[in-house]
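Can you read through this structure? Questions will come right after.
We call the chains A, B and C, going by the order they appear; numbering starts again at 1 in every chain.
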Amino acid sequence: MAPYLWKLIPILLVFGGILAIVPLLVYLERKICALIQERMGPNRVGLFGPDSPLEVFGFKMGEKRVLGGLLQPLADAIKLIAKEDIIPPQVERYLYEFAPFFALLPPFLAFAVIPIGADLQVGDTAVPLVVADVGVGFLWVLAVASLSAYGVALGGWASNNKYALLGGIRATAQMISYEIGLGMALIAVAMQYQTVEPVSIVAQQVEGGFWHWGIFRQPLAFMLFLICAFAENNRLPFDLPECEAELIGGYHTEYSSMKFGMFFQGEYIAMLTMGGLLATFFLGGWHYPFYEAIREGAGPLIATLLSLVSFGVKTMAFVVFSMWVRWTLPRFRYDQLMRIGWKGIIPVALANIVLTALINIR
Amino acid sequence: MAGGHGHGHGHGHDGHGAATPTPVLPSGAFLAPGNVELNWVEKMYLPEIVKGLGNTFSHLFKKTFTVDYDGTHREDPRKFHVPSEGYRGEHYLKKDEAGHVKCVACFMCAAACPAECIHIEAEAVPADWKDRERYPKRFEIDLLRCIYCGMCEEACPVDAIALSTTYNVVSETRESKVYARERLLQRGEELGISMSKHQYRPDGIPGHVPEQKQSH
Amino acid sequence: MAEDKKPDAPKPAAPPAGAPAPAAAAGAPPAGGPPKPPDPVIKLPKAPDGMMTLRVNGTDHFINPKKYRTLIGALHDLGYDVPHFCYHPGLEPDGNCRMCYVNTIDVMSGKPMLGLQLAKQPFERYPKPTISCKEPLNPRGMVIETESAAVLEARKWVMEFLLINHPLDCPVCDKAGECMLQNNSYEHGKADSRFLEAKNEKPPKDLYGPEQMLGIKLWTDRCITCTRCVRFLDEVSGTSELYVSNRGDRSEISIAPGHPVNNELQGNIVDICPVGALIDKDLMFTYRAWYFQRTPSVCPDCSKGCNIEVHALKQYVRRLVPRENTDVNGWWMCDRGRHDFHYINADQRIMQGRIKDEAWPVVSACEEAGKKLAEAAKGGGDGVAALASAWLTLEEMHVLKTLFKDTLKSEQIGVLAQADWQAAEFPKFKIEADHNPNRAGAKLIFGEGTEAKAQQIIAAANAGKLKALYIVSSMPHFEPSAELLEAMSKVPLVIVQDLQRGALSQKAGVVLPGSSFAEKDGVFVNKDGRAQVLRRAIDPLGQGNDDLAVLQRVAKGAGAPDAVSKLLSAREVFRRMAEQYPPLAGQTHLTLGKKGLAPAVQEVK
């Protein structure tokens, strides 16, 4: 088989995996929100709804209402698709139609350089589970992630609505500000591992073992990255662009139906991407304890599958954490947001770079 | 940028190192009585954020407050939501002993209704109804306009209209939310509360039912 | 102070109570002659000539005593709320309900005359509160209290007595909402009843009237025996069909044996009944009084022009009731007029303009008709003629006249009128024979001899000399003569503007929607030359076009100038046209007011 055909495997894994997980994230978000507020959350539609005849270990799943509503994302999707697509007369038509795709695409692209698992051993061929092992490494990530600001800014501008425009402007300013912090945190990581290639960084973490994970080598960079990741994703406490109380819906005020759905989806995919980056740079990528032993004992296929699971768990940990934070912390004021970005995060990131350089003098 | 950073720290030092107890604040800012200025550890809010996260995390496993209002667990009184007796839900009309609608079409409910959702057309009764003169030819309640205030029930002089405790009232069309007389009567029968001893036009003594009318 | 003076004051005047003292007071006081009457404690300000001083609750008013029959009329006119049941300004006072108590204060002693003091002075005649409906006005001045504690107390007891046998079935009583018993009980009565014994239940009775009416239902148990209906039938209609039978709390209104209620004014006893004892069967059980929209208007059924109020509900005219205008109809109206409104919302009404041979109604039928008229008038104005009815308002007649005279250059305008009906005369009311409301107005606008002119026009049409004929009828009971119908079939273009589909509209080439009196604003001139304003009670059924708007649209189609063809309101049209008709000069709808203007058009008559 031609080697480029093997590339289909990581492509399908990344693309299909993300698309399959995103609806579940919506469900997860609603459920976590509900449980934190001591409510039920979605519990009507799906396998574990109230009328479910399913019994697992003698428990009637219908009565375990906390699990109900698993098919709610499907119902949401059908609703979003079936809704009337209202295009207000005052919008800039082409950019208006174009913006949601721009919001959706960059997170996918950023995922391309992230190794999602150990090499897949098929016969003699070792298929690396990364879509594109490019030499520029996370510079690609930074470059592509910047593009997602376009989706938001264009959406806000093309809507020709003051609230949408304000949301778009805020989003642009915020994303640019926090990208600096994000990039600087990653610079420290690159200095630590002396490479910019995610594959190589993961390999070093795997080889070095648990204590070589970025979170232990670069704890300050980890914190900065975490904070900037929230801001990049426009998640609470940094969701100023769509701040409901002031801006109705922010940049997607004028969007409806599946166009809104695409913005919505883009936000969750961005979360996944950020989770993947966090896992890659700080949590050892797909690495998990006893990887070598399992590889020796159970064979490379099992080890690779477990590595996929490991990567997934780490990614989801970030996602769940960001949801948890969302339903805990209130929103910042815009001036506070900017002050934190420029007067807090960037100086600390600079200091971190200097510190890393001093430590790593050979 | 570094200067800005340094300035931020210096600012904090000024606040603590100054001899005067009054904190130095940016121009225009002030501390409300009872508020204290935070030191730089507190200003990072990290301990508070962790505390908050812990708080919400503990809520994840608490029992939910949601009551089962839709009747999934109708057989389980602990879970099934039973509204209190005074709950004001869907309306119904009552019937008298002869099986006629008790309403005398006095329009009191319509007059009392703040949402103006009750529409009545009155008419003289059929010849064989001996106990009164008028009854509602049409009686409609637009439940979409209704605010369930219960004024109609209070205004009714003959205890003909009442609000039941039925609260989950859904329908698929707007038209079906306009309840006609027959539907309101049927609701009363379904609920089994359509009869009442109350008599229209008591003869002098409230609640007294005259003999000749009882025989009818 | 009053206490001090009292022992001195009455003594000299005590023996000659009665005629001598007032006579002496009236004449010049002779020096040393008969004893001088004492000065009153309360000194009322002197009223101008012909007026008297009336001090009510401490406020002095100067009134003309000859204007009022009794005290209550003056008090009502001055704006004091004196509750009453049996008193009606249009009837002789009876004084049986005892509700209109007021306190009269002794002018001499300055004390309210309560208790069992013996009357020793001419002014000291009132040992107790007095009923103001029977109290004549004393031209020498009076001091009245309408809100004193004793009066309020007395009213409360009266209300309690009145309600003893009343069934209190307000929820099912049609009078509720406009019931004097309800209102007075709310204002002046007690909230609870102490009466536990069985109430008198008296049988309901049916009063069947003339064929126009379904009759009146009499609930004897609701009755408070105020005898307003009895007095009305005695005094106004003079037919005396009702009387009070039995005594005490068993007294009830009864129908005179062998003499059933059958007169054309009996609808008024429903209006004047202060309780729900008399209910018109026309609307019985179907309404609540407070839902009606009440619009002041003028009855169009005869040339008398009774002032009425149109009661409408949800764009349906539900009933007509008389409105007080002592110069025209007093407080009354006849049953013919009262029940002649069912045609307004009838199915037979023409709602849309239609043109012959067109399958569907034509929205622009009015303009089309105007165009056709203008075309017909091209060969010479007198080829087109108009027949206006005597049911049109002045404004409509004016627009029609201007259209024909100025734009179409035609002098051919005649006036159609409904045939007379039977006049009827009662002691205090008269139904005119002329079944048209605005014949005098037609004379004012079109000039004399227009009805004869109508005959000439019909004759000309029959001779085939007319090219177009525009009939503006809007008469509900018009029966066209055979000649007219024949003439219509001989004219190439007949435009009919009418209320209902009928003989006229069948023969017409173009049918336009007319409007009834309840749908339009305008001015009628009654037989005495009194111009009275009628006001729109419901929206015009002809797609929002009342007669005036239809005429203006026709004029627009005919190419008339803006002054005629612009869709102006009747008020504006009247304001602009008034100068052209000297009797109306300077008048507007506002100056005519609710009661019309006294013979403004007298000279035309």
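Going forward, contacts are C-beta pairs under 8 Å (C-beta built on N, C-alpha and C of every residue); 3 or more make two chains touch, one makes a residue touch a chain.
What you are looking at is a predicted structure, and each value in this text was computed from that prediction instead of being measured.
S.K.: So if I look at the partners of chain A and the partners of chain C, which chains show up in both lists?
M.R.: Touching chain A as well as chain C, we find B.
S.K.: Which chain is the middle one, judged by CA centres?
M.R.: Chain closest to the assembly's C-alpha mean: B.
S.K.: Measuring from the mean C-alpha position of chain A to the mean C-alpha position of chain C, what distance in angstrom results?
M.R.: 82
S.K.: Roughly how far is chain A from chain B, centre to centre by C-alpha average, rounded to an integer in Å?
M.R.: Distance between chain centres: 42 Å.
S.K.: Determine the centre-to-centre distance between chain B and chain C, using the mean Cα coordinates as centres, and give it in whole Å.
M.R.: That gives a centre separation of 49 Å.
S.K.: Which residues, counting only chain B, touch chain C once they are in their complex?
M.R.: Interface residues on chain B, with respect to chain C: 104-108, 111, 121-124, 132-134, 157-158, 200-201, 203-205.
S.K.: How about chain A: which of its residues touch chain B in the complex?
M.R.: Going through chain A, the ones touching chain B are 32, 34-40, 50-51, 62, 66, 324-325, 327-329, 342-343, 346-348, 350.
S.K.: Considering the complex alone, what residue numbers of chain C touch chain B?
M.R.: 167, 169, 171-172, 176, 195-199, 201, 284-288, 290-291
S.K.: Given the complex with chain A, which residues does chain B contribute to the contact?
M.R.: 1-2, 4-5, 8, 49, 52-53, 55-57, 59-66, 70, 72
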